[in-house]
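Have a look at this one before I ask anything.
For clarity, chains are labelled A, B, C and D in written order, and residue numbers in each chain start from 1.
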């Protein structure tokens, strides 16, 4: 669209303003990680590296990050599989109850976390009769993570259509070979994007986690929850947050790069056209 | 490569190919098993629990059918006022997030070059990795009477809104903003540039194009984003306890009932309120195709 | 029990479960015969086992993994050879279900859990003769309704603390001596009054009413009949108009007082100790206050009873008790522990008179804790509903 | 040559309430260049997809060399397809694309690379193996698609409007190449197109599709010269249709007749051909190789006339409008579309 310099400028300014709003609290977090105030007083009365030193020695934080990574990876893996299966089913087939299945995938994220949390808690303890553990937590996380993979894969499937798969079958590839050599490579960047979002969603989840984690299971948000309320630990939490922000840029950047070339060209739902012919 | 040998080679594939229903069943079994067994059963069990009672003597849930919990939730003034407050906050958060997300998403999708676009996506995603609690506490710092906000606006005669509903709205809007920007950005990416060109070719000024072409096409994506901000706000109980002053939201009522009072039936009954609201919301937006855009 | 955060305010969950049999048996209601406790305590100890499994609130069993400087588990392990596995729980209910599932030797239980454990035969009576350090424990913590049944101890006290009144000395003048600054006089500080965010806070109002509305006949702030509860609720609803925010965790409360968001309200001693602005004071008002006290107990089916006894003795030892209670910000269980702490005075450790003014947290149940039999008391779920209504 | 390469019997395909293919019977001989011609939505592509195996017929059978493959999966059918949009795998290089079919058949890496390279050289893309399809031009992609499909030496090659996306020059060039390729491979080509000229120039036989049915089947000359229906007459090339009262007035017989524009001559006065009708020139369109002249006959019919060379120069075309002329044709050029009524010589 031919935008005037002015409208581009206004849009750019608005974008910059929103980003500023987004980053100011994060900047406060960074500053507080160096602040001598243990309770984030403003402006910081002084600066110290003590919290960074303490964070570096905090085995609890490391363990919690480890647990979170395990949970997020496992939940992401499950949601990648289930999300892909369900999006293939919904995109490539017409069947009765299709929209119900669609709703079913969305529900765990659309319903407030506390409801998902107490429902699963009740389910695990009374119906399934299992102790809350790392496994129950993973199951809970995967349940609401499916939707991010589902949506990304569904959009990609819609965009790519069925032509390439037909070509593959035409050239003699069986169902599985076609998936391995054609469908999957086409979905790769969508899976990456969906998986990344699922990972992030799981990694920072606190409400469902509160209700479904086993007692010994301390994910990072739970660790933070426990520590942000200890006056002598709160600044350490800021350090951990800062480190996480910095570290997180790497996978996001990689994902962006990988997803970059293909995601640029929107092609209207070829698959749909093929289906409705 | 005669047809017969290849037929034999692909026997499983061929069998699958011939049975589309079987393929569909194979695709759907695992996810439906998971979602149905784990989630729907759990949800149904919770809803049924709403009609049971807690034995005040043992504290155990007792299967004794009653409407008391439902009646309590529907008639108690505290539930009514908290529901109104929560829905109000959720709507406000959603509107604010959409208004903030639209220009930035538009800039990302249609103005920025590829490099800048990539950088902006990273910039929008990054805050997701700073813990929810850390961000909420950061806002508590920023909004405190002597905090950064007051420090910035006092010279121009402003003051911090303090802790309360405005602070809750600010914090929640902040927390969910990336979840609203992303679907809108993705939706804008799907709007072909040629349509925008066509509109301006037909004489529409940029604003007119945005209003008449972009927004209608973007509607499902906006709704998709709104589901995030609306539902996440509806169930939140942590942010409000950090920056909400003395206020409570629906999430707090549910949480207190189950976490403090150990009264799962009453918590389940209270949970019916947000469930009903979300269901109505989903039903209303279903037609727009928004559910495909989350 | 120190509430670390609002997750833990669930500690009071379902106290209602406490069996009436056990309750009537224990000191609170007086009379009755032996509770659900089985058998007599062990007479003698054997060799240490290899390991001991402990169930506790987070922060009670620190082995240096959160902060290398905070570690009182390693010395115990070196001393006894009992390898400690700690499991942390979030609510007393959770602890109860974990104890039922078995596998733990020792549990740190709050006042709302102890009797349930006793009634459920999940913990065993403790022979304090086998715990040398028990002798040092303050007398006013021994033989209490939440740690003993018919004079038979079921555990070793850990520490205790009170829910005090904190005020901003710049704003609240003269120094208050009564809770009236947060109740009848709350309007003077409207918008800057704070209170603990839990239904149990109703007991604070009840403590106030005991002194100021004797006609209500409140004998125990955890035993309120409907009229008494209604009076407390009215008081708290009036207070709600002036509340700036309720608090549930240290950080929020400290920030609120440091920034001036709150100027008067309930607090813990440790919060006062952490505030750096120097313009706050705490006081135990003349009406008394609510408070908490936890107990270390041994599972009835403990696989490592000798290590368990060793832990109970160890955690009651001056040095370990000092470390653990200081880390949490509560008074230690013995005067000797104060040798290893420099802040005992602030916590009024050992001040029996001070301790007498504390109404230790108990969960309200229908059977009145004050012994009344002519009336039903309000239980915790009613308190919760009332609390939600108060907050509005 | 015993069995036909392809044999369709009573083929039907319904998509919901829409009938895309409505009872098609067809035999295609081995080695034939066979075109399926029709407007979009006529069912020709669906027939192709049924033959390829992408769709399952609602009814009817498909035989490949006498073997019933009606429910055989596409990967088990010895046919290959050149797709309209080429459907090249974007994540594979050109060489990998061509080698794909060999790869899934389990051929060794070296051998298949060799074969793929040969195939690429065969379509004059020898140096392009390492490129991504996105780095090729439309014509190059089209040739890659051809190489990919033919490297497997299928017995039947299906081509779904393969030239549709190419510009005119390239299309003409590719038409020649396709024809040569078909001759050198000696296999059956089934070519789907909506371009009647392409179908006529390339094919041994043509099936004209309309509304899910084969409207007419025959050699290009038969199709063009002897259309059997009004649809074929108007879809394949241009035809003037004389019918009803007009036909009765001009020809003296009731019925429906097609008359090709190039069979009509215009003159100032009748020159004595079989039939003559006077009218006024309404429009003249310059075509380069000739002119298309629209004449409003006095009989009430608009007649399209194609003139190849004429003495008048182009500049005077506009001046022709409004001129009175006589249109003439021979009776043998009339094609009766209504079989019930014989042509009246």
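Assorted remarks:
Simple rule for what comes next: a contact is a pair of C-beta atoms (placed from the backbone, for glycine too) under 8 Å apart; a residue touches a chain by one contact, two chains touch by 3 or more.
Predicted model, so just to flag it, every value in this text is computed and none were measured.
Listing every chain that touches subunit B and subunit D alike gives A. Most remote chain with respect to subunit D, judged by CA-atom centres, is C. If you average the Cα atoms of subunit A and of subunit D, the two centres end up 52 Å apart. Spacing of subunit B relative to subunit C, judged by their CA centroids, is 38 angstrom.
Centroids of subunit C and subunit D (each the mean of its C-alpha atoms) stand 90 Å apart. Residues of subunit C in contact with at least two other chains: 7, 251-252, 255, 259.
Listed for subunit D are residues 73-75, 105, 152, each touching two or more other chains.
Subunit A has residues 40-41, 169, 172, 174, 177, 225, 228, 234 in contact with two or more other chains.
Across the assembly, chains come into contact as A-B, A-C, A-D, B-C, B-D. By the touch criterion given at the top, residues 4-5, 7, 58-59, 64-68, 87-90, 94, 97-98, 101, 249-252, 254-255, 258-259, 270-271, 274, 276 of subunit C touch subunit A in their complex. Across the complex, subunit C meets subunit B through its residues 6-7, 9-10, 12-17, 20, 91, 93, 197-199, 240, 243-246, 248, 251-252, 255, 259-261, 366, 379-381, 383-385, 387-389, 391-392. Note for the complex: subunit B touches subunit A at residues 1, 6, 9-10, 12-14, 16-17, 20, 23-24, 27-28, 30-32, 34-36, 38-43, 45-46, 49, 61, 100, 103-104, 106-108, 110-111, 114, 118, 120-135, 137-142, 144, 146-148, 151, 174, 177, 182, 186, 189-193, 196-197, 199-200, 206-207, 209, 227-228, 231-232, 234-238, 250-251, 254-255, 258, 264, 267-268, 271, 274-275, 278, 282, 286, 291-294. Those residues of subunit A lying in contact with subunit B across their complex are 1-4, 7-8, 11-12, 14-15, 18-19, 21-26, 28-29, 32, 40-43, 78, 81-83, 85-86, 88-89, 93, 95, 99, 101-116, 118-120, 122-123, 126-127, 139, 142-143, 146-148, 151, 154-155, 169, 172, 174-177, 197, 200, 203-204, 206-207, 220-221, 224-225, 228, 234, 237-238, 240-242, 244-245, 247-249, 252-253, 256-257, 260, 263-264, 266, 268. Subunit A makes touch with subunit C in their complex at residues 37-41, 54, 57-61, 63, 125, 131, 210, 215-216, 218, 225-234.
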